[in-house]
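Chain naming follows the written order as A, B and C, and within any one chain the residues start at number 1.
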Amino acid sequence: MKKILIQFDTDSLPSSFDRVVAIDSGVDELFSYGGVTPENIEPLIHGAIFTRSAEELSNTAIFISGSNVEAGERLLSKIQDTFFGPMRVSVMIDSNGSNTTAAAAVRCASKHLDFNTTEALILGGTGPVGHRCGQILAAQGATVRIASRSEERAQVTCAEIRHVVPEAKVVPCEFSDEGVAAAVDGINLIIAAGAAGVQFLTGEEVEGIETLKVAIDVNAVPPVGLEGISPTDDAAEVNGATSYGAFGVGGLKMKTHRAAIEKLFTTNDQILNAAEIYNIAGSV
Amino acid sequence: MKKILIQFDTDSLPSSFDRVVAIDSGVDELFSYGGVTPENIEPLIHGAIFTRSAEELSNTAIFISGSNVEAGERLLSKIQDTFFGPMRVSVMIDSNGSNTTAAAAVRCASKHLDFNTTEALILGGTGPVGHRCGQILAAQGATVRIASRSEERAQVTCAEIRHVVPEAKVVPCEFSDEGVAAAVDGINLIIAAGAAGVQFLTGEEVEGIETLKVAIDVNAVPPVGLEGISPTDDAAEVNGATSYGAFGVGGLKMKTHRAAIEKLFTTNDQILNAAEIYNIAGSV
Amino acid sequence: MKKILIQFDTDSLPSSFDRVVAIDSGVDELFSYGGVTPENIEPLIHGAIFTRSAEELSNTAIFISGSNVEAGERLLSKIQDTFFGPMRVSVMIDSNGSNTTAAAAVRCASKHLDFNTTEALILGGTGPVGHRCGQILAAQGATVRIASRSEERAQVTCAEIRHVVPEAKVVPCEFSDEGVAAAVDGINLIIAAGAAGVQFLTGEEVEGIETLKVAIDVNAVPPVGLEGISPTDDAAEVNGATSYGAFGVGGLKMKTHRAAIEKLFTTNDQILNAAEIYNIAGSV
């Protein structure tokens, strides 16, 4: 029986990135839908769960993609509400690549840090990747500062993380020119996950953080967020910290993405979101 | 040469149900189009008939899907007008699953009844499945009452059935609380094909029909149309009649659907509509 | 590693013609996008170039289709601007079948003529196929008259051809009832590439051109542009000239189309436009 992956994308043209990776993960047939909303998805879910017997449903799976993470979460919620009893298929959500990128970035950091004693700063912490980096780190026991130009947005993200990880030690952190010294005080890990073209810290500023051990920048397009890190850095020593650039993280991200899709087809009852994808990233 | 099925769906997002079944029927490549209309379909038909030699065209076929049966019939008409000489491919129409569901439901009844002496009542007889159940039964020689809350709509459906089956013995039947006794008088077969959530008859009312032999309800979502029938009933004795629920009919529906798609690829000149699909349902 | 072709179509429903040919050319996976514009294509290009290693990128390719040739050229331009360094895949453009049809038509003519001494007349010379026939002929050394009812449009096409082929000997030619004698004076080759249903010349007029050696009509729907030519003519003698109809050209067009798609997957740095596709047509 052929392995069918049904891609539900919240953008009008479904992600070609996720389509190529699906094929390279061994999917036999890929059905790609664009412009999917909670309003139009129900018959498509019925088509997934009513076409094969309960025993065969591990050969059908759903992948949620698109640039808008919140829109993707709304689809996931509607999908879970529509499943019933054994009539369900496994689902992976990776809108904007946020889960696989965050999982890989935190895994890179984990090679060098004990998260139970780690103070982490997430720059661009309210964006899709930053948000999930913070969530995964908090679930692993780290203390996390969610930085944003807007303290209000940082507070919202902290609250959302606590909703998923009740024991999370997360604090909002307004990141402005005057606030840099306080924001970086005592931190061991920085992850820069901001928009393309925003430089958060100069090389000198990074070098000045004496407690810093690991610096990660997931932006591939120069200028990167942490001056001095090159996209190809892969555990390189830069500005006195073990550093990873976007492609350094990217290798693990791609392996994780492929392994997660393969895992979808082992049973029909999995929901692969941030925590589950972080676990997968640890075993690829 | 690969077997290519081109799905033309009248809804904006093409049916995932029909896509999964197409793959499970052995189609090699499936091209799925949503939002197809008589106005935009012509170049897509040309692409089907002008890309392979006349001898090879049995490897290309068309499947019409979508929730609106009339819109599907308009596509079929435009497709037939666009074909010419040997430049044609085989076409199956199963908008809303109406043909495969109706064919399977009537086949279930045929195991227990001689249609030449059968009086049938179709509840929800003007809907897509009810309409085709009535048409197939009439073509098989049964006398058919097409029931609807609106006698006018029932008359329209009867006229449409007579257009396809000139010798059809069909009569419209206004189905209201006062009219139940007359509607069920002397019938041997009931098929309930109404909208989800509408109960047409109580178990007591069904039990009271002394001439009744077979009762079929194609609705999977409770409450079903004939009280007492369970979706999983498969020739079960309920309320004194041999009864079938949605999943009882569904097994044969799926086999019929797959067999019809396989048949598309045996020649390039078939039109598989209600009558042809009923024939297929008899040999799976 | 599977060969993935990504089809970017400028029409809302992607060409089924080009989809069937892609499958028949041995593509393993085909991703078809409709409604693609320079504004929404960038993430789709990134998905093509960022998902496989540079060494593997010859297994991914792009095909530009759609009825509007200018819109296709704008996509090509945006695609080339988005590629950088080794991050690129091979691209073929064949909007409206214009390149493969023109390449095949000119190849048919080349069997009978030395283009260095050929005077050619392109009827419907400003349309997609006519434009590319003129461009390829000019690149091969022929003197080309681009005929149109509007001399202004013919001048624009001549300028566009000279932009691509600076040494082109092309002249605009207003084609009206009074101007026929001047337009056909001394020509050796006519290619009729106008809209369906337009007859440019009667059989008598064609027969009266004493210098004429080859006549080609790429229109498949009667009435064709050159009276007397049948769509199935394949080097037939008609009105005193060696003549080709649409299907006579079509066999070579299809072989060229398939060979060009196969060639896409040999390296990751090709752009297959009119000139490259004409070369391919010479070796199939």
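Simple rule for what comes next: contacts are C-beta pairs under 8 Å (C-beta built on N, C-alpha and C of every residue); 3 or more make two chains touch, one makes a residue touch a chain.
Which protein is which chain? UniProt says A, B, C = Bifunctional protein MdtA.
It should be emphasised that the depicted structure is a prediction, and the values quoted were computed from it without experimental measurement.
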Exercise. If you list every residue number at the chain A and chain B contact, are more than half found on both copies (same) or fewer than half (different)?
Worked result: different
Exercise. Since chain A and chain C share one sequence, what rotation angle in degrees maps the C-alpha trace of one onto the other, as a multiple of 5?
Worked result: 120
Exercise. Taking each chain's centre as the mean of its CA atoms, how far is chain A from chain B in angstrom?
Worked result: 45
For this session: Mark out which residues of chain B touch at least two other chains, giving numbers and ranges.
Result: none
Exercise. For the complex, which residues does chain A have touching chain C?
Worked result: 12-13, 15-21, 23-24, 30, 32, 67, 254
For this session: Show which residues of chain A lie in contact with chain B when the two form their complex.
Result: 1-2, 4, 6, 28-29, 31, 33, 35-36, 40, 43-44, 46-48, 50-52, 60
